[in-house]
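Each of the two complexes below includes chain A, the first together with chain B, the second together with chain C.
Coming up: the complex of A and B.
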């Protein structure tokens, strides 16, 4: 009936095994250690080498190497060491990249941050939110409007980036709660459609409320943030801020997941009615999930508008929500490692393959990464759901949930 | 006053389209308890099939001018066929393997299908909107301040015909009875000897045929078709299905007309740019206060 029971059975089986078999199993574990050594030591060395010698090895291969390392390493374990190596790779490698590639890295980091936020809502609490762009837009517009000069469409309040950042998070969280209250009673499909509607409403309002948001023209001349007197003028410098944000957000959300709050979310995700009858305050915890996810999305928006220096409503369409959702789901719902991998694959890879083309018989597909990215996303969403519904890197618990439902259903069917 | 009548007629036109698409949502929801997110894309694919058919005639023969009835009829039939084939494929590939998966899985899969189809067409059309050949005269019937296009009358009539046909299909045919039985209780229907898989496919087929056909006629009405055109009508039709109580066939029809007319009339109050917002607000309002729909009957445990 439960995962715990299966695990206990496995333990009992192991105890009852003859010594010969047990020693063999221990030996296999030793083998795993060797493999892990390869993951942790050899692959990062390879990647750094690839980064150090960009003129010899195309940066594309370096990027593919990072993705590979990230996958293997994250798959093998979530130990602090693995995360540290990955962090080092993410921080060191961009130093050896050109402006275009650094731009890609910024996007990866930004979407990873958004993914970490959405993961709280979708992965932890199991609430399918298709309107995540609303919070992203809230943060982006707040910074743009407060910081941009009047002739750029802003209000020239001249608020510092570092002050706007927490303000945006609070405001986005409030928006999250306000949008969350009406949908508290909705589940699954309905929730998805209504949140999608909210995302669109925010975009339509940004487009039409010209007095506040400068309408379709958008806000421009958004100033860059300063860090101890130094201007963070390029995406490269901002990249490190976003990466730092990612790690803070990842740490915070994983800590919350492992707390009482996280267990409440888990209970709601698995069965809301049972959770409620066990005394979990579902209203409070659902709103908390919305607020926390929204706050991170708002922070992402602030970073985005700081990097863009000009924003308009077209940047906040449904595609943003879909991209973030796709990377959370394909990477693996319910854990930050999956989100990170998803961001690399879904946001980084298409840009890396930007001018990659295929000529096959009569088919000529040029500009594969840029033009066919969403075609591939669509197909990938279906493929992941059918073949590996828990995502590439699933949390163990999430994977179990997906399997169990199938077992239960097939038991009922026969 | 005449301005209101004009808006009412426009609302009736678009309401017919919503009603016809909404039936697809409602039918599939009835049998599978799942929202076919890609349904609006079937509508879009129908519209494009119609465009390519009529455009082909326009370029290579004068049939559009001589026997417009033939070319329009053929465009509609081909639009249906393409939508039906796609629906069968998507059911087979993306939905059937997930029938026993958690509820989130088929929904995400459907979103995937929707993104896929939309962007395939975006590439095929190279992000350019396509303009339908003028098979209907663009002149209007006028009565004072009221202007009605010929194609509007055609669209209103055709929507009613489709609704009638679907009603007969559901109520009078053997397959229709099977669909109703599966919607009621899949397990019991299977025990009664109904081939559930086949019935589910037939449900998709019926919904897709309607969506494809109305896509063609809608294309003739709005004249420009784009790869993203299925999205908003899809959401609106879903709203219509919810308004009428999802799972209910008469509800979807009533909801479609209700939404179309409300939306059209409110443009005069809030302005045309808030048209989509009106629909979403209606959707949220209904889901919160009457989740069983304005016309539906109350059921426990919905939404």
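Coming up: the complex of A and C.
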């Protein structure tokens, strides 16, 4: 084999790949100037405004605006700058929020973390998992049981939060593998149904195994974590821990995606048999996806139970799995940034809409948000799915897959 | 000892006999052509060799190791790689990514090293990318590295399948109708590529092929299947003369009758 020169050229082309993809995306949108404006001017101004003059700016309007601009910006570019600005906003903004709003922010961060985990399973490996709550519950119960006192239903082991965190990730990963083995042969809808069943099994176990989990009463008096001697007593303080977790998880999963492992997952998603025929041990890589997703879900559970102080089986119903899956799909499968945006919209929006009022044609619609927020929210979700079935910020690859199905469908229709 | 030895392999599908008592030996550094009418069992044979099917009875030995019943990825590990009759690329991955999946077995990055990304991993990835680019160039796809597989022209997709199969570094390469659907010009190019696989890469190849020009041009040995049975084997010129082969293709009596069947 010859052609070192050609290989070098190929390398050069590869380095140019992200820019090419970016320019393609820009071309399809056709608004490079608008994007740059949003990117370099609007967002920093907004972030600073939100930080410096909170009394002049409704924080919830700011939140909505940021979601919107983050969307425009992230769709147009994958630059680190955009992510950095978004991160700064997420860290700065909550300082000017009230307790209620900070609670919402905590939920957004928590669900973003869960979404990043589920994205590994659904977005990268293409395994539709409807039982993700199982791993969330595993992590939550592990911390609750190890840390809570006897009279709170725990075992009074008093294990430190920071020690339980890795333990929970390992345990959840193991549960992921154990639940993954029987479903290895299943694909698509069948996989979804069986995993849904597993999620329910874990919840019912938490309800019925009274000796272990304290049953329907749940575990309470769960202690707060300490950070260098300081107690992280409020959801606001814990929020930063979860945000940090999100960035670590996002970094880790994106790096894995861009490696041999991520390529193997992608190949499995594209054509499992052919991937195996090229030497990819599909069993191993599918279980690996389950384990990695589960580990992140387990960490999310630990954060949740530390924030709640009391957990019981009703916190771990099907809604959690559905919400996490929905935010991954709305945000854009296979893309961590999409997941973040999905969490902001899906978890943040219903509460942000809560006390919206609008003066419309001299009529003050003060109860608009309170009365119709879920209607507005539902309509927004339907609109997103109709207009952008691949999600708001789908990965390049996922967008292509959807394009392909659409072409196929239109060909079939004619 | 032969590189590949298929011993009295039978495969039935719910009563339908796809292959019956077929025994084939493939020697190192040969190019064997498998021909036969439609439904003769050629692709079934490939699927048995690569683990897509298990034989109903019989054994398959490769390099002194029994491989029938092994999983798909185990057979790839053993050193057999293939292309597909109906092209099965990873359509939404780029050409070079397709080849990189092929080199999966020869890379070592795992989850931990992927996250930490020590210099060794970056180096491995760089080398793999370069090797993949060289394979693409060998297959005549230089400059198409970052094209999505599904956007490649038909002939290019066939070449990409070969490049991907080569990345597995097989000792035996199975090509399932590499020139199917190609025009004469593209076929000639493919014939050239197969010759270079044999001469430059010293590859042992088994190929299924319908175009006699290609078969006669590249094969050292030809095996003829008909209705799941091996009816002839030998040098291209002798197989061409074989009475049963002519009958299988043209029907009984065709040798005596004049005109088309």
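Operating definition for what follows: the second predicted complex is superposed on the first by the 330 of 414 C-alpha atoms of A that agree within 3 Å, B and C clash if a C-alpha of one lies under 4 Å from a C-alpha of the other, contacts with A are read in each partner's own complex, and residues count from 1 in each chain.
The criterion applied here is as follows: contacts are C-beta pairs under 8 Å (C-beta built on N, C-alpha and C of every residue); 3 or more make two chains touch, one makes a residue touch a chain.
Nothing here was measured: the structure is a model prediction, and the numbers come from that model.
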Chain B versus chain C as contact partner of A:292, first or second or both or neither: second
First (chain B), second (chain C), both or neither touched by A:227: neither
Chain B versus chain C as contact partner of A:192, first or second or both or neither: first
Partner chain in contact with A:385 - chain B first, chain C second, else both or neither: first
Contacts of A:240 with chain B and chain C, given as first, second, both or neither: neither
First (chain B), second (chain C), both or neither touched by A:256: second
Common interface positions of chain A, toward chain B and toward chain C: 401
Interfacial residue positions of chain B with respect to chain A in the complex: 34-35, 93-94, 97-98, 100-109, 111-120, 122-123, 231, 235, 238, 242, 273-274, 276-277, 280-281, 283-284, 287-288, 291, 303
Touching residues on chain A, where the partner in the complex is chain C: 1-4, 6-11, 13-14, 17, 20, 251-252, 255-256, 258-264, 266-267, 270-271, 273-282, 288, 292, 397, 400-401, 404
Touching residues on chain C, where the partner in the complex is chain A: 50-52, 71-73, 75-77, 81-82, 84, 88, 90-93, 96-97, 100-102, 104-105, 107, 109-111, 114-115, 117, 121, 125-126, 129-131, 133-138, 142-143, 145-146, 148, 150, 164-165, 167-168, 200-201
Partner chain B, residues of chain A touching it in the complex: 126, 128, 130, 182-183, 185-190, 192-194, 196-198, 200-201, 204-205, 207-208, 318, 322, 325, 329, 371-372, 374-375, 377-383, 385-386, 389, 401-402, 405-406, 409-410, 413
